[in-house]
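Look at the two complexes coming up: chain A is in both, with chain B in one and chain C in the other.
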Partner chain A sequence: MQITFYIFGLLVIVGAAGAVSLRKPIHCALSLAVSLAAVAGHFLLLGAEFAGFAQILVYVGAVAILMVFVILLTRENTPGEGLGVGRWMIGAGVAAGVFGVIAACALASKAVWVASAQPEATARGIGEQLMGAYVLPMEALGLLLTVAGIGAVVVAMPDKKVL
Partner chain B sequence: MINTGLAAIFLWAGLEQGLGKLLDHGLSLLPPAWRTWATIVVLVGVMLGVFASLFALSTLLERKGLGRMQNRLGPNRVGPYGLLQPVADGIKMLTKEDIVPRGADGVVHFLAPLVLFAPLTLSFAVLPYGRHWVPLNLDAGLLFFFAAGSASELAAFMAGWSSRNKYSMLGGMRAIAQMISFEMPLVVASLSVVMISGTMSLAAIVERQEAWLWIFPKWNVFTPWGLAGFGLFIVAAMAETNRSPFDLPEGESEIIGGFMTEYSGFKYAVFFMGEYFGMFAVSGLAVTLFLGGWNAPLSFLPASFLWFFAKLMALVLVFIWVRGTLPRVRVDQLMNLAWKYLFPMTLLNLFVAALWHYTAVWRAPGGLALRWVLCFAAIAVPCAVLARAMMRSHKWAPRVYRFGD
Partner chain C sequence: MISITHYLILSSALFCIGLAGVLSRRNAIVVLIGIELMLNAGNLNFIAFWRFGANPQPLAGVMFVIFSIAIAAAEAAVGLALIVAMYRHYKTTDLDRLSSLKG
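Our next item is the complex of A and B:
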């Protein structure tokens, strides 16, 4: 198990590094997809089948595709000029802040570490939780997605006056 | 005649059990530390071998079948009746020059066939072939299948973009748009089966279909929601695997070869094989979800993985038949079909499945027939009405050739 952990970990780090350092935007997006797929591998190592498969389905199958589509449709496919030092600093500051918050949260939740060695994260259990305890957040998300869908349709609809 | 057939089937079932026992015995002779790895090697080897042979067989079947439908002979030069044609094709593909365009993005161009092919072979791992022949029984097997399949969209884009060719790019864009659009009805159509079976494990879904009405099987396809779901699933599957009449990503008369235009030699062969493997995988899933998997079509026949492969090949034959019959659709027709017809109908089918589930308590005589009629009407009438409405919104007129007169 250890060796697979290190392989996936290396893939996550290399993919993420490539996503911010490669010159062509498409390469960055593909590199990010590698990183996200390796995160799914970590989920699987932890025994969270559902989360791992959903991660691949959503992030590699949809989000990565969306990214390359957006890159292709919005700008010329040429390498950018690079950012100034000031922007670099801001970016690094924001990244460090986000990392700090996540790390603080992870360190604060020590109880989870000893809770259960083999969590029972079956699809049925997740479904029952979603439909029971967490039904309100799920409904809210559904509403948000519906609104987004309607918005996309409205934006994409042809303008009647032009025709 | 029938007796010999029956005897052959039972003989085969016995052989299959013997083979399984022999395999178990052989593996138990190994030291325990090697057993897992030996099992994995045997499984992977057998699966790749079986599906590669099926691939060779179906290319021949397809060329022969299309030939018959188009009133010609098909391949008949290599071997008796052209049976060795796949071998000749394989040698040709292997020995051809591998051409990479000068402007191509080398790494991505090289990786694209692998990214397409590897996840497709992964999806074979969760299909239940026989009662004791389930390579990997996952709790979320169906989700694994779709997750593995979703990587092929990225591969089509990688191939199209890295070739630095407008036709490749167009083909790649078409492939992504089509796959994303038809993935929705495909997933939602299989959701109805998950709803009724109450599990996402593919082996368990087949076991739920192991019931009989007198001597006839109770497969999911013999219920109203199953019948509708199966039809919707097969149409979506045809589009998802880029089979004709939905072969727009290749569209050889418009964009040469789509995202495969700039591939030659063995890389092209890998794409070609990937397309067939995708067809096998999705047909295997259809057999698992709707056609009862390894179960025999009559109650007194033994279950065997032979039934699985027989049903799979029957579906492949249907795919070939459709390819020889229907012309290619346009892009707008394709999108209309996915979003305005298939997707709403699959959603409605979920409600019909729920109706079927909750009317199961009707015990009155004729209750089954009433349930059938009610549920069938609930899905068939909207299907017909929507189809008619969509046809009517078109203005049909004699074709005018503007550039010909």
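Our next item is the complex of A and C:
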């Protein structure tokens, strides 16, 4: 478990750093897919198989590919953005400060959290919970996804067809 | 032995990389990529606390992550549709050039 944690952790960090710092947006989207797949690997390591495969299906399979298509649809003729050093200094400085605070809190807290008995997360149990205790949130989520899908189509339609 | 502290450090690093991207990039799509990275850091924390916690509710962490993934998918769809509409109107995805509301 130890060596796989560091391998996947390195992939997460390197992929994320590439996703925000590469010059061309298409490279950013592909680097994002690497990072999200490595996060799914962490889910599998932690025993959440269903969440890991849902992550691969939804994020790597749908969201990253959707971003690639949108990048294709919005190609600009102007050359890529220049590397604004001042902006990067501000952004990286703020992010480093936030990281310092969170990491200090995490390190200072007493690590009383030890891995107890491996919790069960079978697909059967998740399905029964979704149809039982979590049925109302799941219905609300279905409504949200429907509204978001219709809304996305309406927003992206050409102007003259709306109204 | 990997403890929850390792996962907290990893997810906070992921969150802060996404935050740096959101704050300093000008391309709207890359800003959306940064937001997705921050959401994933939250998901990683949910799973880590579920795995290492005392879990009185056996499946709460996984349920949170499933709902969070679905909401992030809806957010990405609407956000990308907005970017497409924005590009159609202004012919750019550069956030600095969208300054119509600037006083």
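Here, the second predicted complex is superposed on the first by the 108 of 163 C-alpha atoms of A that agree within 3 Å, B and C clash if a C-alpha of one lies under 4 Å from a C-alpha of the other, contacts with A are read in each partner's own complex, and residues count from 1 in each chain.
Keep in mind that, in the parts below, a residue touches a chain if its C-beta (ideal position, glycine included) is under 8 Å from a C-beta of that chain, and two chains touch if they have at least 3 such contacts.
In this text, all values refer to a predicted model and were calculated from it rather than measured experimentally.
**Q** Does the superposition put A:33 against chain B (first), chain C (second), both, or neither?
**A** first
**Q** Name the contact category of A:13: first (chain B only), second (chain C only), both, or neither.
**A** A:13: touches chain C, not chain B.
**Q** Touch check for A:150: first (chain B), second (chain C), both, or neither?
**A** Neither chain B nor chain C is touched by A:150.
**Q** Just to be sure I read the superposition right, which of the two partners does A:25 touch: chain B = first, chain C = second, or both, or neither?
**A** Only chain C; A:25 stays clear of chain B.
**Q** Just checking: does A:56 make contact with chain B only, chain C only, both, or neither of them? Give me first, second, both or neither.
**A** Only chain B; A:56 stays clear of chain C.
**Q** Give one of first, second, both or neither to describe whether A:90 is in contact with chain B, with chain C, with both, or with none.
**A** The second partner, chain C, only.
**Q** More residues of chain A are touched by which chain, chain B or chain C?
**A** Comparing chain B with chain C, the partner touching more chain A residues is C.
**Q** Just chain B (first), just chain C (second), both, or neither: which does A:65 touch?
**A** A:65: touches chain B, not chain C.
**Q** From the superposed pair, tell me which chain A residues show up as contacts to chain B and also as contacts to chain C.
**A** 50, 54, 62
**Q** What part of chain A is in contact with chain C in the complex they form?
**A** The touching residues are 1-2, 5, 9, 12-13, 16-17, 19-21, 25, 28-29, 32, 35-36, 39, 42-43, 46-48, 50-51, 54-55, 58-59, 62-63, 66-67, 70-71, 73-74, 76, 78, 81, 84, 87-88, 90-92, 94-96, 98-99, 102-103, 106-107, 109, 111, 113-116, 119-121, 125-126, 129-130, 134, 137, 141, 144-145, 148-149, 151-153, 155-156, 158-159.
**Q** Sort out for me which residues of chain A touch chain B in the complex.
**A** Of all residues in chain A, those touching chain B are 24, 26-27, 30, 33, 37, 49-50, 53-54, 56-57, 60-62, 64-65, 68-69, 72, 122-124.
**Q** For the complex, give me every residue of chain B touching chain A.
**A** Interface residues on the chain B side: 105, 108, 138-140, 143-144, 146-148, 150-151, 153-154, 157-158, 161, 173, 176, 180, 183, 198-200.
**Q** Touching residues of chain C toward chain A in the complex: what are they?
**A** 1-10, 12-27, 29-30, 32-34, 36-37, 40, 43-44, 47-55, 58-59, 61-63, 65-67, 69-78, 80-85, 87-89, 91-94
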